[in-house]
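Pasting in a structure now, in structure tokens, and then I'll have a few things to ask.
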């Protein structure tokens, strides 16, 4: 069964000028005509579309504290813990586009898995924080 | 109120030879006499202590696909999503010890936060996966 | 691939009298003959079916502290964070049936997203609780 | 800093007759005069107090499908994944009171940890469900 | 043991002009001199501080699709599922300041609890989405 | 839409000797020729494949502290909270293969659901840990 989104995807024709301006900026920034479904769904709340695009555009761009490929890998790690299929798939693709190899993606997932394991052990055993970490 | 762990922390005196061997390897690998509480709590299940230490020792060492400092940042990202106080604190300290700056830690948390935001939007709006990501 | 549930959906013919009594009450309360799959799956544990239906019937009814439509929006918010596809879809439909507009659903998701973002920042940065909130 | 609960704990003196009836039943069922803070907090919503106590009383009692000690271990497993300090501590104590050994609690946490690890690998690598499990 | 935040709280004296501008806007908007720790921790990443404050200021203000008190209750619901102590406490206080009664807060938590219960049942039993919700 | 995994499933022909050795051990241990997709996906990181198989082989075998069927039920409980479709389905099948009845699986899910409910109440109401549990 294919599911529809809970709010309609906004296509170019029905986009308001405010939405269209964001779509134009996405296209210019990414140098592609393709707008993925995430942004078309967000367009139901133009203020949130603007804020979220601006946030990702600034955060994920080259020239900040961390390398763009590394930032995509961190995004994949978070998306994996949150179990967001859409986000795991789209950000794994983005990491690849920015140079991540299969071996790096496999290692990333091994670290995510190990961290999930030790997180639960620290919680389940109620390990007290060592003074040196407090 | 200070909480005790749900299983006793195993000190050096009461460590079995099997546990002592792991503690020795932790000390040798990290070049410090200090064993943090996490390993002392895990020592209640020596097989799990052995497996988990071996796993982290291999995964987090230099010379793999990703840089050691980056691997610690990924660990912090996962620990933040899982809300593990012990792990956020100990792995933020480890990231710093491996060279992470305050600005990099702050940016990491900004990315974790943004990913959590967009993860929920993709889920809440039930955004269909674009064919290009399928 | 379509997945089967892990326990069989109980249809009207195979329902025990105890299950049938709950199905009858669902039909009478909702004024419809339709019983959705959730209740048919729960019917494998009649005591849990009774308790859970009674709980939702009381909690989600008009006449309590919060408006029925608002209660459905809260349900959608929780289901989004827990990433329950079935629940996001069925309770978004219920919120609409009780009067929620597309704009309200979009705003709800923007708030859920923002809360997820700031939740992680408070955790990741280990922000101490201000005395005024303690 | 000690935190107050977000709603007042209801003591015996201020309990309404409806709340008092539940407190009496907790005391009679558990054969102790002690009412732990969880029920005193829930008493702010007497209907929820009644429902929740009735649910746990039925579910966690001897004589159902699973052994009472096993049911407490399952409760600890869920509470660990949800990171509920109160629940990990109180249900680990309950498991012990029903006969769980330190070695069983340690093994439980090793399984919880391993499951968390493999859960994330299945999600992060987007492993397709084998036909035999569909 | 009191924990320090993982990045220093930025006080008024050490705030850069960019941070100071946000602090000033928080004070003006809320009509109070008090800046809570959350914003002081975020100030380590001024761009994120600006974006996050702007987002909350717009989203949580009166005059949008949902009532300000309801929006705070939704925030509390999400923060409860994410187990963010800081956020549960600060947004429960905000909900009260905007008019929420104890009875409404208690009912909110009863709904959050019921939703968490039914979310897991839908997932654990792998309930197929009814066609009417697809 | 069927999704591909984010890393290729490793078939027998393309398996390296190191991967083949693990596949052989899985076949010998389980007394079946069938290797499920999870292991084929993990094979992209042979070290992680070895570690994870060894861990599950040891933990889930007969002869440890808890009964093998109970250990599978605990695995299902964790997988349900983490919302891992693959894991809920495969470990429910494993629990059945080790003797779990439909009634036991239904009761398990009722306990998981109740625990999720009370976990959130303890968190949302910020219930202080009783001294006896501290």
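By written order: A, B, C, D, E and F. Residues from 1 in each chain.
The criterion applied here is as follows: a residue touches a chain if its C-beta (ideal position, glycine included) is under 8 Å from a C-beta of that chain, and two chains touch if they have at least 3 such contacts.
Chain identities (UniProt): A, B, C, D, E, F = Carboxymuconolactone decarboxylase family protein.
Being a predicted model, the structure only gives us computed values, none of them experimental.
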Please determine the option from C-E, B-D or B-C whose contacts repeat those of D-E, over half of the contact pairs being identical by residue number. B-D
What chain is the most remote from subunit E, judged by the mean position of CA atoms in each chain? F
Averaged over CA atoms, how far is the centre of subunit A from the centre of subunit F? Could you give it in whole Å? 27
Express in whole angstrom the distance between the two chain centres, defined as the mean CA positions of subunit A and subunit B. 22
Of all residues in subunit A, the ones touching two or more other chains: 1-4, 6-7, 44, 47-48, 52, 55, 81-85, 88-89, 103, 106-110, 112-114, 116-121, 123-126, 128-129, 134
Using the definition of touching given at the top, classify the network of chains in this structure as line, ring, star, complete or other. complete
Subunit B contacts subunit A in the complex at 2-7, 9, 34, 36-38, 41-42, 44, 48, 52, 55-56, 59-60, 64-66, 70-71, 73-75, 77-79, 81-82, 84-87, 89-91, 93, 101, 103-104, 106-108, 110-112, 114-130, 132-134
Subunit C - residues contacting subunit A, complex: 2, 83, 85, 88-89, 92, 102-103, 105-107, 109-110, 113
Given the complex, residues on subunit B that touch subunit D span 1, 3, 6-8, 44-45, 47-48, 52, 82-84
Which part of subunit C faces subunit B closely enough to touch in the complex? 76, 80-81, 83, 85, 88-89, 108-110, 112-114, 116-121, 123-126
Residue numbers of subunit B touching subunit F in their complex, please. 1-4, 47, 51, 54-55, 58, 128-129, 131, 134
